[in-house]
Structure formats: structure tokens, C-alpha cells
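Structures incoming, each one as C-alpha cells.
Heads up, the next two complexes both have chain A, just with different partners, chain B and then chain C.
Let's look at the complex of A and B:
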């Protein structure tokens, strides 16, 4: 439903897509507070909270786009089914996106692009994930037998197939956090990158501590009052440890990279745990915001995706954002010094540290990224100042919208023209980054 | 929640009725409550007394095609009896009309209404007139006692008119419609005082709050949720406020009523400023606020610690005071309505006192003080402020009481049952209507005429 006749998709000019706000449920450590809650439960509740905050009951939005990384095959229409369970008009279309941890940036970015093109006037980009209700599948042998059973025509044939079933066929196939092509878990991959970049245990523990402290302070000042709605008895992320300090973080045992021996640095404290949760951000055109009397927090300026060769090449699995960040900044004629807030998703503290080191490294910029010189240093005082995934947790697809909503509020408070950069790494050697400007 | 409690259901079945009657137990009945579109009453209305008010009421109801009777007749059943005593000058003037009323009472239907209309004993004109004042006070006493004689869900209440206010005024009409209808189900032995002719009748009595934007604090649960639903039913857009930790319940309520949710702590220094800002951004106007949010921290005073005392005072009275100050500073800015209306939840504990609730009673009596104090300044521009003092209202809080205590508390009133959150909400909605502008600075009890207090 577009209001203008000359949408960019019909030959008109592009228009800004703006962020009006967001909502998320508190993130919960896996197999805890949200055990028994499905992706659809969480996404529906998140959307309902957003609808109540902005008074969108009965409203027909342009589109709702969301997704989950861990998804049951029955949830092929997860977002549409969730929308049908909300107070939005049933005429609001929806679709699912799935691109590992970058899902949430892709859903918001997709909505923003459609708004910019004039195809839609308003929309929600979201994401949800649950480890506690992850899909379990039959293993391949069992699946093959069941298919044969299905194809068998006569009773005799059916019995013949059924006789082949053994207890081992009922061992389920659990989803793996491991990379398909290397067999290494994400943590093991990052342990290699962390080591390659010489990131110390202390650096990582400090990033982790700051994440917890910053997020706890943000809660204390009421920052999340209009960004969050409680769910199933939680009103704060239950992974957050406000009293987190270097001493206690320093005592934790090594979790990844044990083969590195003395040089291993990654622990459960500086790695993000498995988490359940959902988040969503409301975007629109400037016109739609004005018509609905909704204050604009920020403009969703642009986003960029990149991929690395971590299978045969020298790239670290989670280093794709180091490719995407210079590209998006170059496109807008910006440097790191122009950015007021950096939101680098903390899959692992080591990812954040390695990303920053790489962007500041002459060799890496010249030889890997093909740039003339180093992009530069990211000012750590501008980094994840309201906390990030190490404190909040990281329900894969929900992280993007969580950051978009929080960053938009920060930029709005900072003032018009302020700039924020989001960086999210993802499985498969991919990454997505986004640029937002305060209003 | 079902419409009645288990005991009430029991005594309204044949066997239960017999047992209750034989044993002399209380016999509460399900109360008549208002739903959108309901008429004021379904049967004939008897109007007693010869006065200007009697004429006005008769004409008004007759015009709306109600079955109006001016004579007790022989066997007629009545849904309501309006007793106009606005022109009596001496207690002895009461007898004719009151004794006629006595004749008619046996023919009052279940859930019937008796409404007395009389002049305000507090009016300056009778301050030194012993016989007139005695007569007016007399009607008060008569109404309260009669309310306690009512059975089967029937109530008796009074409309008090200042000397310069006629029954034709918008607020007098608003008051009589409230008392006649199911909106006043749990109001008994109470008075609505119309102190000015301010206010205008709505174009549609079914949506007296059309277009209004009203803030409700503590909107996530219980009485606050019921108030939100009712204000929306009557046409208002609700800005629901509650603590961030109650955001999920608040979401459900706001999505049900088409309002917007604001998660914030009302004790924040700038709560009033924030609310005004939200109303300005989203609606460009703010027509009223309902100070409903409240907490209890019961302890005997001898065992009271400072956190129990201070937190209760902060939420229940300091926050409404501060929010009102901040809102009223915005008068004339085009967002805050000139006829801005404030309502607050007081409590029968604040009127009668309650053991273990010194802190709560201090705050809730304080609410009545606040209500008195703001009346004049708000009234100057057509606004108003009133309070509602609930008695025993069935909520999750009372469900958690020990059964025996709850059963006793439930029956300690003329209706012999607890009220519902919606009963409180109806009273709040009454005060937010423009037709009620002439009712200002008052506290209305919604307590089924609880045995305690006035």
C-alpha cells in the first residue's frame, strides 16, 4: 500500500526509511525461563508488545519480515503465522528470512529497502530463536527407511522395510553449531582467529565485563523501558551479571581452543551462551510516521553483506564484517572517526577484538582487503555502550533487531546527524553491517 | 472471573435459597451491570414528590419513552423509584412523600433503584437555618438507612443539588442516569453532589467519552485494567501506564482496548512531563488522568519500617501529587484540555481506617484531601477532580486472602457480596464525562454500603 504514485520502483526517487522504535522480550539462557516457548510464541509476544507500544491494533502494515535460524520445518510460514496471532490487521503480509546470525539485519534491511523504493510505507523487521525448542530430526538412515516405508505398496513390502528398523534409527539428529565444511564449532573457529590476532585473555575479559556493566547501567537508567516487554516471568536478560569483574572472569576455565594449550584464551565468560528470545523493529517512511504521529528515532541509511573464504582461504570464520565495514563507509564517504556509536555484536569477545585489530592493521587492509591503508582505530569508548550480546545473550536472528532498536534510540538521544554502525558476524563465513543516522 | 462468587451462586439455586432462608443467612443476588446499549432500566419508573425536580425527571424520562408513573397504583412492579425532596423546608415535610415511598417499596423489582433528590445541606444559604438544614440532613439519614433495608440487589442513593443548580443541569442528568442504570450496581447509600451547572450533555449517552484521551496508571491488572476497558467502551483512547515489569500484562490490556502502553515508574521525577510529552506526540491532546496505581505494605504501625511506609507514600500519594503539578503547569498549552479531569482511587480504609494500614489510610485519605484542594482551580476552566473509594472489590489480591476472612469481608455490606473491578471503573468513567463537570471535589464510595465508615 503505497501513498505516492511515483515510488522509486516506478521511476520516482528514493526516500528515507526511518526507525520508529522496537521491542524485544528479555533474552533467556537456553533450557531455562523460556523452555516450552516456541519461536512463534516468542515472536508473537514481541510483536504484540510493539503493537501496544505504538497503538498499531487493527493496522495494516506494509509487511512484517522475520526469521529464525533454528526452525522447525512446520514453521515454514513462521512470521505470517505469528502476525495472524497478533492484533495487526490480518491483511498484513509477512515472509521469513534465514541467513544465520545475520538474519535480523537482513529482515530489517529488506523492510528498509522496500520502504526506500516506495513499495511499502511501513513494516516490521524481526528475528527470533530458541535453543530450548530446537527441531530434532530423524537421522538420515532412519529417514531413508521411512521414505521406503511410504513408497512400499503391499503389506508384505511394508513389513519387509519395517523389519529393518533398529533402535539406532531413533537417535535424533540434533542441530549443530558446527560449520558443515570444516567440522569445527564456531567457538573453535573463533579460537583460531583470536589466537591469530594475538588477542589476550585480559582484552577479552575486559570486553565481557564492560558488556555486563554497560547493560546493567542501561537497565538502571530505564533505557530499556520502551524497548522491551517482559515474557514468562522475565523482565531482564537473565544472562546478565551486573557484578561481573575481571577477577571472577579470570578464574573461568578454557572453553574453546584447548589445542592451543597455554595460549588458549576463550572461556564461557567471554563467549556468548546459547539463548532464547525475540526482537523486532518498526520502520516506515517519513510520511507514514508523520501521519501516525510517531516520532522518528533514526534513519536506516544502508546495509552491506560480505562473505569470507574460511574453508580454503586464510580468513577467520567470523571476519566477514571486516570486509563489509570499509565497503559501506567508503560508499558513504565516511571514516571510522565519523561514527558516534559502534555496535559490534559480541558472538565472542574475541570476535570484537579481532575485528577491531584487523580494521586497524596496515597489512590486513593492504593484503587482504585490498585497501591503500588501514581503515583505523575504533574508539573503545564508543563501542557497545549499552552492552551487547555477551551480557544480553544472542538468540541468533533476534540480535539484529535488538541492536537496530537500541542504536536508533541512542542516536535519537545523541541528536540529528549522529551516526551509528552495526556489525554482525554469521555462520558460513558471512557478515552484515548497517549504517544508521540519528534524527 | 465469573459474575458472582460461589456462595451467591449457591443461594440463587432452589435448594440454596431454601437453606439460606431457613438459616437466616445472607441472600445476595447477581447484580445488574451495564453493557453497551442497555437502557437505564427495563420496567416502570415511579416518581414521587411534587417539585421542579420531579417534573424535570418525569419529562426527561418520558421523552426517552420510559414507562413513567406518578402514582403508586395497586399492583404495579417498579424498576426504580425517584423521590423528589428538593423543596422541603422542614423535617415534617418529609412524611407524605416518604410514607408513599414506603408503600411502593414492596413492589420494587430485584436490582431496583431508589433515588432521593434533595438540596445540599452544605449550601451557604442554609448555614444558619436550623429547620432547613435539619430537613436536608434528614434526607441523608433517611437515604442511608433505606439503603440498608434494600434487598435483592436493589440500592438507594441520593442526588444532592446546590441551591443554584437545577435538575435540568447536565451533571444532575448524568448523576440520575448513573444511579438508575447498571453502572451503579455496587454503589449503595451514597450521594452525588452537583455543585454547579457546568458541563454539557453528550450527543450520545452510550459514548460519553468520545474522542477523549485519558491516562490510566496501574493499567495492567485488576481495577486499572477494568478502568481501561470501560473508558474505551465509553469512547476514550487510553494511554495505559504500568511498571516495566508488568509490561506483558499491560500489552494484553492495551491491545484489547486499542490503547498505547507506556512502561514507566510513576514515581520518576518527571513522570508527569513524560506522560504529557507522550500525549502531545501521539494525540495532540490530553483530557484526563486516572490515578489508579497503588500498592499495599500492611504492617501494624509498631512494626512498620521506613521502606514500607515510604514506598507506599511515594507511589500512592506523592506520585499523583507530583504528576498533577506537572500536568497542570501545561494548562493553556493546547494539549492539556481546559476541562481536564482528574480521578483518583481512594479507599474505604482512608475513610474508616483499617488495622494494619496506617500507611495506606494516610495515602488514601490524602487522595481525598488532594481532590478537595484542586477542585476550585480545575473548576475555573470547566475541569474537575473527584475520587472513588472502593470497598471490598474482587481482584487477584482478594482471591489470595484466607477463605474465612474473605467470606466475612465479602458479606460485610448491604449488597452482601464483593464488588467487581468494573463497578469502580463505572464510577471513574462517570467523572470523566463532560456531562459530569458539575460534580467536583467529591469522593464517591463504591462499597455496596460497607458497614464501616460513612
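Let's look at the complex of A and C:
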């Protein structure tokens, strides 16, 4: 239970929040292996795997926070319902978070903040998403008619309303792939940014190839053995293509930015596919870890969110992390050269390349970010060395906890004091970045 | 950078004869009246403006605001507790159209081309409150392709007589030439070079019917290919004012602000309109074009004051 005497929220000092480990189910390409699984199925299984790994059966944790980007309205208490389905004590509270692809960083960061403040001693931050079981809704006109039908008092009134129903009212409204305010899909937005930064097809295909190769190597060395629980017949991400090479990637057709003609560079190979899956990370105070005899992998030092003005064409949709990264590094007096591992979420290979180019660009740093000089170059040998979303896939809210767990393990292996930086871009022109330190 | 080229004009209401109308005439009846006139070959008698100002009292209804926001909410809600700029236009449009459908009006309503529109949104406009609406035509002028006329609308708070909103719509009639007036040459225009796309509007084939259902503007050229072809258009085209509403969606701040749009070529339905938004000092510039044909559809601006 919470030690109340010295909690920062009661006037004491802040304490570190540490990552003890994580768990995920393999990610599956949409409409495939997990087609029959709901968000709750996947999140519950992921949590249960984590509980089993850390012997938390019957334990009451401080809080479990998770979320899904694509969520049925009936799943308003998705995380609490999932917790009730696990072997955690029923007294473990839970809440949901939803901030597009940054959801998973926000859930882990929220848990870390509460631990640092002394409000809780332990918690799980997680995320889950399914494309295969995405919510479909009645369209606006149909919903209005059904509401009228519901409000109608007399049979005559009900018939009057029912007569207005037409076949078109039964065409469901699928979740929008596009940005509400621009009408462009995320891929189309990234195609513009990719083009603006002059990112070549070769650069993107190379990032994609490395993602598959790095992740395949990580599987081979058993890196994911204590980070994953098999689910529905999968024991590794089924999007991963270990044999990916520049030749096969180079043959793929253009998927986004076709209006750019010859200058279009984005394909299904260097863009992340729609995926189903879930991930979670276990965090606690140092005391709690000690009491429960659990090894500490890393400290969750800090996180930062940012947003850009893509609506007015001022910024690229997925460039918010370029604002957040300098801010979090400045806050801790760090530079890019101090970071041992960069985990830049591969929404698209172009996002990773454009982010790196922007951070190294003198003009962009001065005129857009308002800095004295460029933040610097990111060493590509420190980037996504265990693979990232292009290989694993990207079940939106699950990506943050996936990276937090993997990076914590990498930092622990690297040694105490090593530093890792996570960058996750999100719909709506937002982004979240996090700083972790190895223990 | 594409900027709208809006004529510089001020409202001139001196010496106009006031015609009070009890109720805003419906657009359908005006179009019907004109259509009947076409069949009976009634030509306008004079090539001068009637010198009248039509007035009525009306409200911008909550229903209209809700319907309008529903139509455009997918592209960013307005979110203020006052009337969106376009709902003022929609509410007054029936009166302006009735005035233009009158026999004494010098330019035939059907076939009129909407060239540009400017709105001064001076104060927030209350919803469901009586408003005094006045409309008149001024400045009949020669144009290289025919004759233009400015249709003005002013909306007042009837208790204080405060001017809340005014608009100027510039229309072109290609079938009338002003007698005695010299046709100006076609102005040289820089060739259109598409800017970077920052947004894309998908206009489905029924968007004309949907805007018509909200605005009451059932001009046949917007409703279907068949009705559009009957009036000599190659296919149905989007309402220009739908494009105006779309570019304003999510951008209407509390008053005062002004906005203007110049229509360069019609948006044939269905279509994808490539759009560029950019800030230029004190204003936002919005450009819409057909990416495939590299043809400008409209250039617009919003100025916050």
C-alpha cells in the first residue's frame, strides 16, 4: 500500500518510477490471426501474461491504465473490465486513456507520474488495438432517425419515423482513416512530409529492411522470450519478413502520394500495415520492487508531448516529436550524443527519416523550433536496433508499451546510466516522447 | 501564392426605394418563376438596375444552424453559440434571389455565374432572434465576358439597428451586354502554379443535393447530371458557397472577421479538390484546385480583426 508519510503529493520529495518488465502478445496483420479477438480479449491475455511472469496473482496494484484508439462505445471501461478478467485483486483500479498512437506512452507516463508523486507504488501501463474488430456505427442520418424513433410516443409516430428508413441508412460508418480537418489519410500526409524533406525511396526501403532484419535477429537471440506471451497460435509477429531486402522492397508499387508522380516514394513495404495486438509494461517504486524481490530494468525518467499545426499546412502531420525531443533533452541537460538507444516509432519509414533530418537541420531548428542551432544527427547504428513497427506492426495504442518494455530491457543489458529515447507520432498532429535510464 | 482578386466596392444604399416583404420568398418559387419566364421568352425590359432595396424580417433558425453544422462537422465544427457566417447568407439568399427573379431585373437569373463573394462578419449573430435583412443590386458593369452586378446583403439587429453582417456577391451574366459600354479586355492572369497540398476535400456526387437540402438552394445545376445538362452544364457542379463553408469550417472565430472567395472554375461532381491553407501575415489564404488538371477552382482568404 502507499507509504503516505513522505509522498511528494503530500509535501515529500519525488521518487523514481522504475520499469520492471513488460509483456505483449505477438502482433498480427489485420483480418488475420486475431480476426475473432476483441480488444478486451487481447488486453486481458496480455495483462494475464504479465501477471504470470511477475507472480502478481491476487495482488492489488496501485492502478492499471490502458487504452485503445479504435474502441467500441460499449468498451468505455475497457481497462477495468479487462482487469476484472485477470487474476489481479478486484480492488485494483483502472482507467482508460485515448490519445491516438501516443496512447501507450501516455498510459505508461501517467502511471510513472503517480508513482513518482507517491500516489501509487505499482501499476501497469498498456495499450491494445484491433482493426479486425473495429467499431462500426450507424451513419448520422440513421442515428438521428433511430433517436427520433426512440423519442416517438405513439405507434402512429413510430410508424411515421420508421417509414423514413431507407437502405442507405443501414450502410455502416467505418472509423475514418483520414484526418478530420484535412481529409488526407495519414499516409497521404506523410507522403507530403517525406517529399518536403527530400527523403529518397532508397533511404526508406533501407529503414524498412533494417527493421525486419533487426527484429528477426532479436527473435533469434531470444530477446523477446520474456517480453511476449503466445496468443491464438502466434508466437511471433506475423508481419515480420526476415528475408526483406532492398531488391524486393524496391519492386513494390507506390501506395501514398501518387499525385507526386515520379517523386512519390512511399510503398506498402516502407509503411506500417494495419495490425491487431496488445502490450503492457509493469512499473513501480524502487521500494515496491525490492519488497517483491523483482529486478529493476530501467527508470522511466520523463515524458513530453507536443502538437503541430498541420491543419494550416505549417507543419507535417507526424512531426510533433521534433518539437518534443529537444524540449525533453533540454530539460535534462542532455544532447543527442548522450543517448544510447533511439526508439523512433516507424509509422512510416519516411516519418523516421524526416524526423532525423529535421532535428539535424539548421533552418528548421532556428525558424520552426526557435532554437539557436540544430539539435544534431542521430547515429543510425543506435536506431531501432531490435526492430520497430515496420516489422512488428503497429496496433496503435500498443506500440508505446511495446517500446517501453523492449527499451528497458536493452538499457538494463547496456548497463546502469545508459539512456534511451522514445519518439511516437500520433494522429491529430500530436506526438509523445519519453526518456528512460538503464539500471 | 494565389490570392483572391476581389473587387473594391462599398455599399451604396442612398436613394434606393424600399420594398418590404412580409416573409422571405422560397428559392424554389423564384427559380420556378424564372423557369416559367424562360419558357414564355420574357426578356428583361431594361438594362438598368431597378433602384430598389428589398427588406424583410427573418431569423437564422437553430434548425438551420444544426443542419449546417451537421453537414460540415466532419471537417471541423464551428462551435460558437452564434450563427456561422454561411447561415446568414443562406437565410438572406431567398430574398436576394426573389429580387433578381423580378421581371424588371436587368440580368436573367438562370445562367448567372457567381464570380466572387465577400463577407464582413462584424458582430456575432444571434440564433432564433428576429433580424432585419436588406438586399439590393448595385454597380452594373461591363465585363470582358458580359455584364456584372453586385448583390449586397446587410443584416441588422432590428432593435438597435446595428449592422451585424454584410456581404457582396459579384455575378456575371454572359447573355447581356451593356449598351454603349465598352467591353474591357480580358485581364492577363498569371498561369496557375499549384501550391503544396495541405488538405484534400472529397466531394461526393450527392454533395450538391445535400447542400441544397440544408440551404434550400435547389438550383438544378447542383442537383444531378441530368438537371445540370438540361441547363447546358457538362455535369453537376458543387455549390460555390459549399466550398466557402468548407474552408470556414473550424476557422470561424468570434466576430469580427471578413472572408472572401473568388471562384475560378466549377468543381464538377464527384471530385477531389486539392487544398492549400497558409498563413500570410494577418490573413489565412486558401486555394482549391483540381490536381489532375492543375486547374484553379477557387482562391479565398479569411482575415481576423
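Heads up, the rule we're going with is that the second predicted complex is superposed on the first by the 436 of 439 C-alpha atoms of A that agree within 3 Å, B and C clash if a C-alpha of one lies under 4 Å from a C-alpha of the other, contacts with A are read in each partner's own complex, and residues count from 1 in each chain.
To be clear about the criterion, a residue touches a chain if its C-beta (ideal position, glycine included) is under 8 Å from a C-beta of that chain, and two chains touch if they have at least 3 such contacts.
The model shown is predicted, which means the values in this text are computed figures rather than measured ones.
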Checklist entry - Is the arrangement of chain B and chain C around the shared chain A a clash or a fit after superposition? => result fit
Next on the checklist: Between chain B and chain C, whom does A:58 touch in the aligned arrangement: first, second, both, or neither?
Outcome noted: first
Checklist entry - Is A:381 in contact with chain B, with chain C, with both, or with neither (first, second, both, neither)? => result neither
Checklist entry - A:226 contacts which: chain B (first), chain C (second), both, neither? => result first
Next on the checklist: Looking only at chain A, is it chain B or chain C that touches more of its residues?
Outcome noted: B
Next on the checklist: With both complexes superposed on chain A, which partner does A:73 reach: first (chain B), second (chain C), both or neither?
Outcome noted: neither
Checklist entry - To the nearest 10 degrees, what angle do the lines from the C-alpha centre of chain A to those of chain B and chain C enclose? => result 150
Checklist entry - Of the two partner chains, chain B (first) and chain C (second), which one does A:150 touch, if any: first, second, both, or neither? => result neither
Next on the checklist: In the superposition on the shared chain, how near does any CA atom of chain B get to one of chain C? Answer in angstrom.
Outcome noted: 43
Checklist outcome for this item: Where chain B and chain C land on the same part of chain A: residues none
Checklist outcome for this item: chain C contacts chain A in the complex at 70, 74-76, 196-202, 250, 274-279, 284, 291
Item to check | Complex contacts: residues of chain A adjacent to chain C | outcome: 140, 180-184, 188, 192, 196, 259, 310-314
Checklist outcome for this item: The chain A residues in contact with chain B across the complex are 45, 48-49, 51-55, 57-58, 87, 222, 224-226, 228-231, 235, 293-295
Next on the checklist: Quick check: in the complex, which residue numbers of chain B touch chain A?
Outcome noted: 244-248, 250-252, 254-255, 258-265, 268, 281-284
